[in-house]
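For reference, the structures are reproduced in the following blocks.
Here chain A shows up in two complexes: once beside chain B, once beside chain C.
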Partner chain A sequence: MAALALLPAAGEAIYFRDKISWRSAIAPSEMITVEQARGWGDTAIWVDARPDDEFASDHVPGAISLNEDRWNELLPPFLAVWVPGKKIVVYCSSLSCNASREVARRLRKEAQLSDVFVLEGGWEAWLKKNR
Partner chain B sequence: MNQTPNVQLPTSNAELSAGASTSNTKRRVLSIFWRILDFVLAGTFIYAGVVKAIDPVQFASDIDNFKILPWPVSVALAFYLPWLEILCALGLLFRVLYRGALSILTASIVIFTLAITAAKVRGLDITCGCFGHASQHWSFPSHLATNLAILAALLVLGFSNRSRKPF
Partner chain C sequence: MKTPLLAFTLSMIMCLGARAQLKWEQTSIELHPAATDKQAIGHFKYENTGKTPVHFKSVHASCGCTTAQTQKEEVPPGDKGEITATFNIGDRTGIQIKTVTVETDETPNQKTVLTLKAEIPQQLEVTPNFVFWKQGDMPDTKTIKVKVGKEFKVKHIKVTSSTPDFQTKVEEAGNGQFKIDVKPQDTNKVVASMLTIQAEDSQKVFYATARVTNAPTAPVAPVGPTAPARPSAPAGQTH
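Take a look at the complex of A and B:
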């Protein structure tokens, strides 16, 4: 039975080969470095996926708070600011956090937005490059 | 001569017969109960397997959130585990490789329960992904209670003798 389950699993892995990367949790096309994101200038909206207290203590200048804890509350103000054609850069605390990935996924899936990117290294990487 | 009076024999036989009949009825009722439990568990695991098989990307992310396994292993498990659950559930349903299916499902629920408990102890606020998006907003106690109830049902089936006999 355990061996039999390998067959449909292999078939599914082939079917989903373009939708999931075996190397990284985030598809390379969805990752962005601090330098690349800064290069976009005003054409990018920064989204802070960290909890409220961390956002309140400090954040990327101009960033909008949008975390999963208050998703329903924070999404409408974010959508009011967003304009079509603008790129969205989502970040969380560090390289190991998942919040930015989840927020980016929900923005694509639930808000039907495209051009959503996850900042590589998150807030820690931004701090290193800017302070 | 120590003979049993003949007059008592029919009564004894009748009592024995009644006792056997009661015992048969009891066994029959128990068998129906076990079979219902098979169906409930099979349905639960088929549902859990299908919702995860439909969205392996999300399930890989859920496994990765536990911070126990490297990403490639999470991806491999996201493709494999849902189908293993579905096949084992079908094993329960159709009584094919019954004890093997029970053992695999028991092991998987034990591992899931330990993983969500370890995540809670480590302070990770995550979704276990056991039932796909349906369980996304479940609290830790709800997850734990559901898993323990399923585990208890699996163990009851595993330790009941009827699992070695055809229904």
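Take a look at the complex of A and C:
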């Protein structure tokens, strides 16, 4: 009986496995691991897409805060330090978070910057590898 | 033969009855906030149609920009209530989909996903909002396109540069679009300017940045994936 009751849910989970509606689509080539990003050294700019309070609490050393709560205010200071040829690594707070994908998408579309990557595993992945 | 079939049907009905205690009026809400709104609020109403109280175990929003509040921890049988989901719009634009996951004790791991969809109107879409020249480049004109949102009517826009290092010229392109030509006075020195873009009779301000950058960093050996394809550059945009 229980197995029978689970059938619709299982079917839905299989059918919608690649259609998580709250996530922006992102190509695998635009994702980056902590190791790869660290390998870029000073040629990468780290962008923290988390809310202000989380950034204030702790962040990747040298990271610049750029979130959608205050996008219009935070974008110019970021653009002031960006240099052609630098790679941009955007992160947010967890695996299910969408903020870094959205910030990366807007940097590509609105500012028309290239070499914008999203950090796999976000802030937690960085913490795990660095602390 | 009839008895097992009847027992099966009855047990199915009992299972369904026991499962669906909290009945949601709707689990998906579409909101159309005004351009000046700071928040979009969705009210997800429910009723306990079962015979036992339902307890909320957790209510979790999908992003930090959304909060969700329950009116009560316990919902007695026959009682009604709502979960209020508040989405702080901030500087977000376009279609935003936020979810709230509600866990109750109806059945083990009983979770309901409430979806809040908000379409944020944008008066002006500025693309690109960043134009730059490398130090020593030819001081060519670069163009920023401004598209008026379909809900708005704008006849003129005003553009102001925060420094005299860049000249700007606005041109109407028709069909609710404008072109802003930006030209640096001199690309031999590193300068930056904030361009303020405003529709006539509107308080809302949009920004673009113009900059002459210093020399690019030396390339390093690739250790990561290749760069994603760059979107097509607007007229006059050479990087």
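Throughout what follows, the second predicted complex is superposed on the first by the 106 of 131 C-alpha atoms of A that agree within 3 Å, B and C clash if a C-alpha of one lies under 4 Å from a C-alpha of the other, contacts with A are read in each partner's own complex, and residues count from 1 in each chain.
Here is the rule we use: a contact is a pair of C-beta atoms (placed from the backbone, for glycine too) under 8 Å apart; a residue touches a chain by one contact, two chains touch by 3 or more.
It should be emphasised that the depicted structure is a prediction, and the values quoted were computed from it without experimental measurement.
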item	value
Chain B versus chain C as contact partner of A:A56, first or second or both or neither	neither
Contacts of A:A37 with chain B and chain C, given as first, second, both or neither	second
Touching partner for A:R101 - first (chain B), second (chain C), both, neither	first
Which superposed partner A:A80 touches (first chain B, second chain C, both, neither)	second
When both partners are placed on the shared chain, which of chain B and chain C touches more of chain A	C
On chain A, the residue positions that both chain B and chain C contact, one per complex	1, 5, 22, 96, 98, 102
Contacting residues of chain B [partner chain A, same complex]	53, 56-57, 60-61, 64-65, 67, 71-72, 74-75, 79-80, 83-84, 86-88, 91, 97, 100-101, 104, 126
Of all residues in chain A, those that touch chain C in their complex	1, 5, 21-22, 27-33, 36-37, 39-43, 50-51, 54, 67-73, 75-76, 79-80, 82-87, 93, 96-99, 102, 108-117
Contact set on chain A toward chain B in their complex	1-2, 4-6, 8-10, 12-13, 16, 19-20, 22-25, 96, 98, 101-102, 105
Sites on chain C touched by chain A in the complex	11-12, 15, 19, 62-65, 88, 90-92, 97-99, 115, 126-130, 132, 134, 192, 194, 206-207, 209, 211, 213-214, 216-220, 223-228, 230-231, 233-234, 237, 239
